[in-house]
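Structures incoming, each one as structure tokens.
Look at the two complexes coming up: chain A is in both, with chain B in one and chain C in the other.
Up next, the complex of A and B:
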């Protein structure tokens, strides 16, 4: 069977493997690697949105923990439905609505963020649609966690067995896409109390509360090993070029209007009032 | 698991963009939405973000987004113009984009700036072939 025929009839995962084998001979697309440490999540999201919309390069951003706890909702997130707003207001936890889809996470210094921003043709054979992108990212992380835990991409979540350890989300433009993940290296149980059980949840969650549904990556491998193995896996598909924030600032000229926003206290108070009203109606 | 798209529906009489939006030009108004091919590849739409009436849209530029499978996907206008109506039903029932992409799932109606922009878009046969070739290449 000719190489062309093999490519034409192969399932996607086999196609990716064959492409990787060919990649050394053909040359790999370039990917800039930016490593951050403790960068505030709002600042990270603003950078990601700007790079997605205004850059024509491929990027990997790794932020090893964020400085203070923050809640991050997806583009359609409503605080009254997703958060225990009273405690959020009381404890002054920042709430951000990001530009990508997906659910709500609470992030802090125990969260490791890995973001991939790519041109739509950067990964051969991959269509710029959510399931196709996630199918590829599942293969990428499968290499990272080979022999570690029972890693799977399960109903679009990264899990060890039955427990989720990474929340991911995406945004797709005409010519580019972003896939970003917040990995639960560690978390404070108390922080999970700010999040309600979402109405939309994967079937495998089976109604479990947060502490029964998620797990800590630190029980599976060292933090630095996870990051290095991720970079190695990315190097199968891209020629990785380390860069720094100063180089990005110098190259990014035009002002950019972000859609990622920090919710105001007023917005949260309105959400709290709406939540209390709903509780009041239910108890009548 | 290998996910394969079933054959998608393409209607005659509409014009199509390579980014998988359709436009129906009737008199002074053009209606815009996303195609059956697009909705099938996107998955269940749970949220549609559309601009206000009165806003301008540019040919090939994003005017909104749909959310599906934890992803936001830009919707691009096939032609330029001014928005005269937005489908408010999509606020409560975003799934209309999946169940009725060419009828109840329409997204915006615009007053076209230049109807000649329609000439650069694909007809139904051309778009059908475009989708088949795109799926075959991946």
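Up next, the complex of A and C:
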């Protein structure tokens, strides 16, 4: 129980733990588990948005690495503010604007994506508000990392100590919510150079640059252990039902217009032009 | 939040801004255009005058000074409905401490008829995009913000004409079925929501993935490969024509093969923009693991500290456990007692139970004592660890050790058993030898090799010879983190517990 005290919303987490025990007696809600490997992030985001808006089931999607590096911005991300657009254009890195909020990440095969899509009352005692969902996810992952690292939910990030290894984003609709995380299992230092230091940053970042601020999960535990333990942790809230992509395609027949977009070269060039205008000298 | 909920439920019925059908947390007063109206209830942090900012001059500029008080009540109910039936709909609280949101898009426009619970707009606060649904049934009279504006919590988002509409109570509300919001069409070229049925288009999975990434419909691409096969270059050429991307002079980024587990050799080799990952070897390859770990360990500056322990008391204790043991499944040995006393000593010298991060030059003092036990199996050296020894009793340690030994023998140790160790014990003495000179089990900073417990001759004060059970231990330590003094003091502490196991009782809870 000492871990419960770590969280500022201690009374809430106590309630959740009590509810968990009760739920076990009553039967847990169903959650479909889809495991992907190397799926392109754009495809994953399209799938997630479709499931959020057109499905009425609970879902967990785990994509173990994406195939090619890509930059993914939040829903209102502006490339001129967030990226070093010159190098991005030069190196042909795809830039995607996703449908959830939050910040910018560069993802590649070293990124593990875990997404939870739930009905708003799927987790007993948890209200469908950003902070509640964030706190509950912190409890979920606290179980995963118990004894492995100094894990904390810090503001909106998952950290070991002072270093971030997981970033979160959410979208909350009328009756459902999505909480998805990109986990830095490993990363290439060179890739971080495509991202600017964001104007909006969590307080605990204290102005550190990327390499000082983030850390690699692979130094703490192997991928397979991480994924196994995450599924185990989810099983204490849901009755997990493994599924596959074919099953989804068959059931979700409705046409759906997604809002996650790949930015065109033209948009990036415009961003680059405006970026060069604002800063006289390019900076890295 | 729990407290907040109670307050909300006690409040009398007023106009309120329903966040979601079940949630009663987010009620705020809506306030009218007259400035004397009561404050906004709730967990707001902003106060002072609220001027509704407008994106362009076509909107009316309001100045509505108000004071925000936390947790105040109002009894103003429907009676406050202004004669015109226009209500101000504010941006409700979206979470503790969030003071403002960015408006992302409207789902309705001025003049639209809106049902209760119909989504009105989408905002972004911090990490979340949130759909805001209507509390009222009515008509959109005036929209006060445009996408991209920052709206403070509590400010009026839009005005609605609810004239003649009765605000329904909680109990009578029925949920509408989920409808996808009316989004602006932002389809990618060649929308790929239709599942790709290639219908004869030949291409590799890698090329298909690339096409999906660029939103290109493979059926539209001319294949220049054998039998009309669509190649990567064909997709890129097509994407150029569509203005998505340009074909680079050299081959494009492709994924570097991962871990050797991937069978996708079809990716054209290309410029690799990131470091290849370390290969993670599955459990079956103990031998292979050892090559890797020992090579790395050899690079660490080790020093070794040797000490002799008097094990008479330990021998006696073990005999006592075994003689009084009623459980045939449990076999008492020296190791659990050594493990527990090691944990006791680690509590006083946490640097011995740490990990060194070379890159950041940081030492992570581990909270849990996950003590690894080296085991020689027919498949090679395995080092599973007992988790959280600081919280386990000697009996629990005995059982857990036995479980791990059994699994190791059957080669059924799980990854969770193997990883997460913070310090290692190597009981090489079980096989033989006086003592060993162990190499570290990285990223740990200490490893302890224990020799066989042997009878040795010691001299008493008066010159008499007497036998003593002694065990030699050799502590290998990372000299980047630990110095001789720390290790020596730690060893003394551990020695105390081994030679005087009754001291363990001093710390018993």
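Basically, the second predicted complex is superposed on the first by the 269 of 284 C-alpha atoms of A that agree within 3 Å, B and C clash if a C-alpha of one lies under 4 Å from a C-alpha of the other, contacts with A are read in each partner's own complex, and residues count from 1 in each chain.
As a convention for this text, a contact is a pair of C-beta atoms (placed from the backbone, for glycine too) under 8 Å apart; a residue touches a chain by one contact, two chains touch by 3 or more.
The structure presented is a predicted model; accordingly, all values stated were derived computationally and were not measured.
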Touching partner for A:166 - first (chain B), second (chain C), both, neither: neither
A:224 touches, of chain B and chain C: first, second, both or neither? second
First, second, both or neither for A:258, with chain B first and chain C second: second
First (chain B), second (chain C), both or neither touched by A:75: both
First (chain B), second (chain C), both or neither touched by A:110: second
Which superposed partner A:102 touches (first chain B, second chain C, both, neither): both
Which superposed partner A:134 touches (first chain B, second chain C, both, neither): both
Partner chain in contact with A:150 - chain B first, chain C second, else both or neither: second
Greater residue coverage of chain A in the superposed arrangement, chain B or chain C: C
Common interface positions of chain A, toward chain B and toward chain C: 11-12, 74-76, 99-103, 127, 129-134, 156, 168-174
Chain C-touching residues of chain A, taken from the complex the two chains share: 9, 11-12, 15, 38-40, 42-43, 46, 50, 53-54, 56, 65, 67-70, 74-76, 91-94, 99-103, 108-110, 120-121, 127-134, 147-150, 156, 161, 163, 168-176, 186-188, 190-191, 212, 215, 218-219, 221-225, 228-229, 249, 255-259, 261-262, 264-266
Chain A partner contacts - residues on chain B that touch it in the complex: 2-3, 19, 41-43, 46-47, 49, 60, 62, 65, 67-74, 76, 134-135, 138
Of all residues in chain A, those that touch chain B in their complex: 11-12, 74-76, 99-103, 125-127, 129-135, 156, 168-174, 200
In the complex, chain C residues that touch chain A: 1-2, 19-23, 25-26, 94-98, 102, 104, 117, 119, 124-131, 133, 148, 175-176, 178, 180-181, 183, 185-188, 192-193, 195, 206, 209-210, 212-215, 243-246, 248, 252-256, 258, 262, 264, 273-275, 277-278, 280, 357, 360, 362, 364, 367-368, 370, 387-388, 415-416, 419-420, 443
